[in-house]
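Residue numbering begins at 1 within each chain, and the chains themselves are lettered A, B, C, D and E in the order written.
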Amino acid sequence: MTALLETRGVWQRFSGLIANSDISISVGRGEIVGLIGPNGAGKSTLFNLIAGVLPPTQGSIWFDGEDVTRLPAAERCVRGIGRTFQVVKSFETMTVIDNVIVGALVRTTVMREARRKAHEVLEFAGLAARADVMASELIPSEKRRLEVARALATEPKLLLLDEVLTGLTPIEAQTGVELVRRVRDTGVTVLMVEHVMEIVMPLVDRAIVLDLGKVLVEGKPADIVREPKVISAYLGDRHAVGA
Amino acid sequence: PEVVIGVTYPLSGSNAQIGVDAQHAYGAAADVINSKYDFDLPLAKGVGLPGLGGAKVRLVFADHQGDPQKGRAEAERLITQEKVCAVIGTYQSSVAVTVSQICERYQVPFISADNSSPSLHRRGLKFYFRPAAHDEMFSAAMFDFFDALKKKGTKIETLSLFHEDTIFGTDSGNAQLKLAKERGYKIVADIKYRSNSPSLSAEVQQLKAANADVLMPSSYTTDGILLVKTMAELGYKPKAIVAQDAGFSEKALYDAVGDKLEGVISRGSFSLDLAKKRPVVGTINTMYKAKSGKDFNDLTSRQFMGLIVMADAINRAKSTDGEKIRAALAATDMPGEQTIMPWKRVKFDDMGQNNDADPVLLQYVGGKFVTVFPAQAAIAEALWPMK
Amino acid sequence: MTAETIIQSLASGLLMGLLYGLIAVGLALIFGLMDVVNFAHGEFLMIAMYATFFLFAFFAIDPLLSAPLVAAALFVFGAVVYLVIVRFAVRAKANAGMVQIFSTFGLAIVMRGLAQFFFTPDYRSVTHSWFGGKTISVGGIFLPQPQLIGALVAIAAFVALYFFINRTDFGRALEATREDAGAVALVGIDKNRVFALGWGLGAALVGLAGAIMAMFFYIYPDVGASFALIAYVTVALGGFGSVFGAFAGGIIVGLVEATTALIMPPSLKSVGIYAVYLLVVFVRPRGLFGSM
Amino acid sequence: MDTAFAQRRRRDLIVAACLAFVAALVPLFVRDVYVQNIMVLTLMYAALSQSWNILSGYCGQISLGHALYFGLGAYTTAILFTKFGVLPWFGMIGGGLISAVIAMALGYPCFRLRGHYFVIATIVIAEIALLLIQNWDWAGAALGIDIPVRTDSWLTFQFTRSKLPYFYFALALACIAWFVTWWLEDSKWGYWWRAVKDNPDAAESLGVVVFNSKMGAAAVSAFLTAVGGSFYAQFVSYIDPESVMGFQFSLLMALPAVLGGIGTLWGPALGAVILIPLTELTRSFIGGSGRGVDLIVYGTLIVLISLARPEGLVGLFSRRRKGAVR
Amino acid sequence: MLSVHEVTTAYQGLVAISAVSLDVAKGEIVCVAGANGAGKSTLLKSIAGAERPRSGAVTFDGARIDGLAQHAITARGIAYVPENRRLFPRLSVRDNLRLGSYLYRHEADRDQPLALVFQLFPRLSERLEQRAETLSGGEQQMLAIGRALMTRPRLLMLDEPSQGIMPKLVDEIFQAVKRIRDAGMTVLIVEQRMAECLDIADRAYILQTGRVLMQGSAADIKGNPDVRKAYLGL
């Protein structure tokens, strides 16, 4: 079976700056893959290319056996790519439930159905109690959860999570990890960016490390953290010892 | 008892000054009617309207802001709420269209005191009356004047038209275009400009390039001021200017640029010179000036007469019934001597137009207007070219 | 159409363009740099013209001399308008843009009403100023002196504003306040002070424009309306956030207006300006030099 | 499930029906045509503002050039009737369709623009249209079009003195505009529009085709606005470019929605009910002085309302929905 | 130096912190921890003047500062780095830093903190002309702290400075905090990474649903078995 997502030799340039250079990665169905790497390595940029915010300067993106490089973002969402934004983008003048309904409307135009789905997703994401609150009143960590809920409501095959578990206490992070696992268990493939090793290590099946826009290494998390290149570029000494 | 007459003008917005001046003019007319004066004007001698037992005329003013819809609503309010028995207005021709329509619907006579668009009286309205001239008559007077000058050997061959893109400007431009063609004058520039433009330099330049024998502007005060200033700035000194009134009869224009307008000729319905032949004109002008600080001009004199004509008809109708007043208006035959205008008389044709409202041409000389045409009203020869 | 006509047109267009620039420079600060809508810009111009007129009529101060006085008066006025009205409009959480538009639109109506109330709707003109009505002729091309002075003042105003914005702490604070009005308090900046000063300054520039305009334009309560839309288009054409853009925008507007009048009926000359604006933003959605 | 929400929508509908019913009875008691005239205008502005609200309030594309669509509706109807004898009802539909098509054609380049650039583009486009019509002799140019008065009939939609037919038509129009909004509010389009307004990037990532959403909103909004314009032409029976396409008019269409509550269901109606009578009454009863007092009063009120209630007057009515209390 | 006395703050009627008291002595690093929504950010906002407390008192150097405008509190010497950093996105790094010293007119007053910033975060000195919005997450955090230091504060308040920062830099930032204290400033820090934070802190507070649950020396807190279980996940 082919991979669910594949990037083939993808480049992204921003007037002089190369944010992604020749990135070829693949994500198999049902995997949880971690995308890690230093600040500014190009992780969010790669997410943007996969989700269709920008067309890559060069290279192609394949999803579910199909070349989606030229498809606009909305169309990719319909195909099954759901994403969150690192800098959260909630619909501030709408309630939490309405935010999620927007997502659910990709799959149905029956409002009753969309509303039901939205409730279900909020329940799943642990935001049910805040359903009727304006999105602008959420605290940052709740807003990130709303991002996830919204993306889940689109019933994605692939979910791109950009630092949604930051700013949580270790205990809360634990619940977050559980949430991601449950998402995967519903058959969704997950590609996630996270800087907190305590979350990445136990959660991901495989990790891809980007540095300076290139793939540095990829492999099992336990192996990655021992990699000297990763330690010097990303983890720093303390984690090297710790791991 | 009183007779209530509705008067609607722009009392706010860019033409508010017109409305304010009109209030004084109508006020003066109402005063002449309601108090006892020894003038040879209809209704001046007694108090109020004798036909209605000395009832006094009361005016109700309404602001239409130059908006046809508002004019319509105000006319309706005047008729239904203020119970006016007649309406007078409106300055802007577009507003006159809707106001006259409403009056027609309610069978209330309407006097179009100072609207000069020729299309207004041609709509087959029964309750529409215009004692004064319209633009075709005015323009015809100008061309009569040119013809007369030509006979005396003055060279007038080419004309430049300069008119704004409103009803007034368009109608005036069309009338002049038509007359020029009929009488064999060549139009070398026909410039339609946007009213209240921030700049007229491009327009003036084209006028300058055309350099016609006569420049014929149809502009309101604001554009008039800007036009004259811009002409001076761009070194354009036309041989003669014959203006379609409006801004060119406004004091503000001459206050601003009078020195550059020595010798300008404007058509008009009114001339203070008439005071020499008919002293009452001077007396009434003094009355008006006491209130407004200004001399009667082309607009305010027509407004004054509008109310006199209307009151006269109501008086003769002996009733405030619309249909009766209409009949009385239709039967009006007021000799020119009983007006403050150089008119032959006031007598309406079946479309409600007074065709005997002879226009005059006035020339601005030494800070004053002097009547130069037609011959029977003229007190001086026209200075041609204009200095 | 002779060469002279064309040159004269372009020369007049250029002068007019600089004048539009002068009228727009205050707006370039308030609307362009501070990103606050001021629908009463034309009315600011109107009161500046009245102020000039009255200084001339009662104290016989020539507009050129009264320009600094008018600018100072307008500075106070602008700051007060910010503190009394606009401060609350920018604070609105929902629909801040519309609240700004309509609160300043309301202000514009009030100002017109007040002008009518106190000054009457009469048309006024400054009749005998030093330069009013004078004109220079260079090889058959006429350049009116008031507009020439306006052009010089415009250039000076733009240069001054440019340096003020780019070279001073206040300029930086202004930009920062626009970027994130809530965050400037983190570095100890009082956003109301900065914006009040910005409004004062913007209004002062309008004051200069009004004093120059009064030399050759008529004055009445609605006079601002003739210039307001052109000023907005000028700022947007040049691009929000760029002082130079507004300057270039003014010149382009003036030249386009003059050329349109050469090839189309003059009553359509603003169509040329508007069409150029649309063309520019369709190709460059941030105007010619805009950063926002 | 979620009965509170369903209840609220049902309540809105019932309240609207009751208000419409009561409104329909009012002219039976208020015979004064001047007051009836104000009521007609109020309803017309409510409908117009409601239409404007769809594009600018819900979808967030602030248009200050809606006079264009209003004018198109008015002109289409008037030209078809006076030049071709086509009944105004067809002109109404035709004008609506033409406006919708033009709105989409203009939307094509304009919806790429953001913020003030967009707003100014809408102003400028309406202004261009105004100037073109002003100079278009066939369409009456500045002279406008005077719709000849014939006998009273629903067929030609002309009534000499009675305001009632106009009143009921305007009421129907306001109700339709309200109902369309109500209906769209809880539909895919309604959600898409609000999402596009709040954050187009996020909307796009959730499968919302931002461009099409804007186009849809523009088409509906332009159609309804043009029907309003068509009504106006019949009601006033005279149109000229300045009075149906002027910039002031675009502002007046937006004003009720802004004061009442932009992007809300009840805002435009509430704004119109307060603002229009106020405008008319200030002009009629203090405008006669010629001293601008009406402007001062009117302007001051606009400033005060927009500053005191930036979220609109509907804020006075809706109780804040509280989040879960900790 | 800073004393928060029974402060209660609410958002539209919703109480976020109630009767919270906290003291910070000169030269200390004090850490505030707690679960999501416990009210940590609200506490810092209430001190900084970004939210106005409903009741209670905040005194700084013996003077009441609650009720002062936020910029005035900054001018008194309290610098606050909020959770979302609030840089001026389209201004350059240089301008962001310069704005930090807006309150100072003399170049000398600006050079001294600038030297400290460059010494702590040498990377900023390499990126002076870059627009703040194009910096990577970590660099933005450095800039936010740097900008706060430019106000020459006596008290620096940091809200979750480690958020979104790669592991290697997290350590650097904590080390920087320590050096900032060593340079003579007092630090109040809100952190989720309690373990790392307690390593450098002198004292700590734990908030729970808007109230102070626990307070004490960093070592005590770290050793507390409840804390280890509930907050450190050990």
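We adopt the following convention: a residue touches a chain if its C-beta (ideal position, glycine included) is under 8 Å from a C-beta of that chain, and two chains touch if they have at least 3 such contacts.
Since this is a predicted model, take the numbers as computed values, not measurements.
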Q) Can you list every chain that touches chain D and also touches chain E? A) A, C
Q: Determine the shortest chain-contact distance, in steps, between chain C and chain E.
A: 1
Q: Kindly indicate the chain pair that has more C-beta pairs in contact than all others.
A: C-D
Q. Between chain A and chain D, what's the gap in Å when you average each chain's C-alpha atoms?
A. 43
Q: Take the average of all CA coordinates in chain A, do the same for chain C, and state the distance between these two points in whole angstrom.
A: 48
Q) Taking each chain's centre as the mean of its CA atoms, how far is chain B from chain D in angstrom? A) 38
Q: With chain centres taken as the means of their Cα atoms, state the distance from chain A to chain E in Å.
A: 29
(Q) Please output the residue numbers of chain B that touch at least 2 other chains, ranges allowed. (A) 12, 16, 20, 165, 192, 194
Q) Residues of chain E touching 2+ other chains? A) 12
Q. Residues of chain C that touch two or more other chains: which are they?
A. 94, 113, 116, 120-121, 221, 265, 267, 270, 292
Q) Hey, which residues of chain A end up touching chain E in the complex? A) 14, 17, 37-41, 86, 137, 139-142, 163, 166-174, 195-198, 233-239
(Q) Using the touch definition from the top, list the residues of chain B that touch chain D in their complex. (A) 11-12, 16, 19-20, 23, 60-63, 65, 67-70, 72-74, 76-77, 80-81, 94, 97-98, 101, 104-106, 117, 119, 123, 165-167, 169-171, 192, 194
(Q) Help me check something: in the complex, which residues belonging to chain C touch chain D? (A) 31, 37, 85, 88-89, 91-99, 101-103, 105-117, 120-121, 221, 229, 232-233, 236, 240, 265, 267-268, 270-271, 274-275, 277-278, 281-282, 285-287, 292
(Q) With touch defined as at the start, can you tell me which chain B residues reach chain C in the complex? (A) 12-17, 20, 165, 191-194, 196-199, 201-203, 205-206, 209, 221-222, 225-226, 229, 232-235, 250, 252-253, 255-257, 260
Q) What part of chain E is in contact with chain C in the complex they form? A) 48-50, 69-72, 74-75, 79-82, 86-91, 95, 98-103, 147-148, 150-151
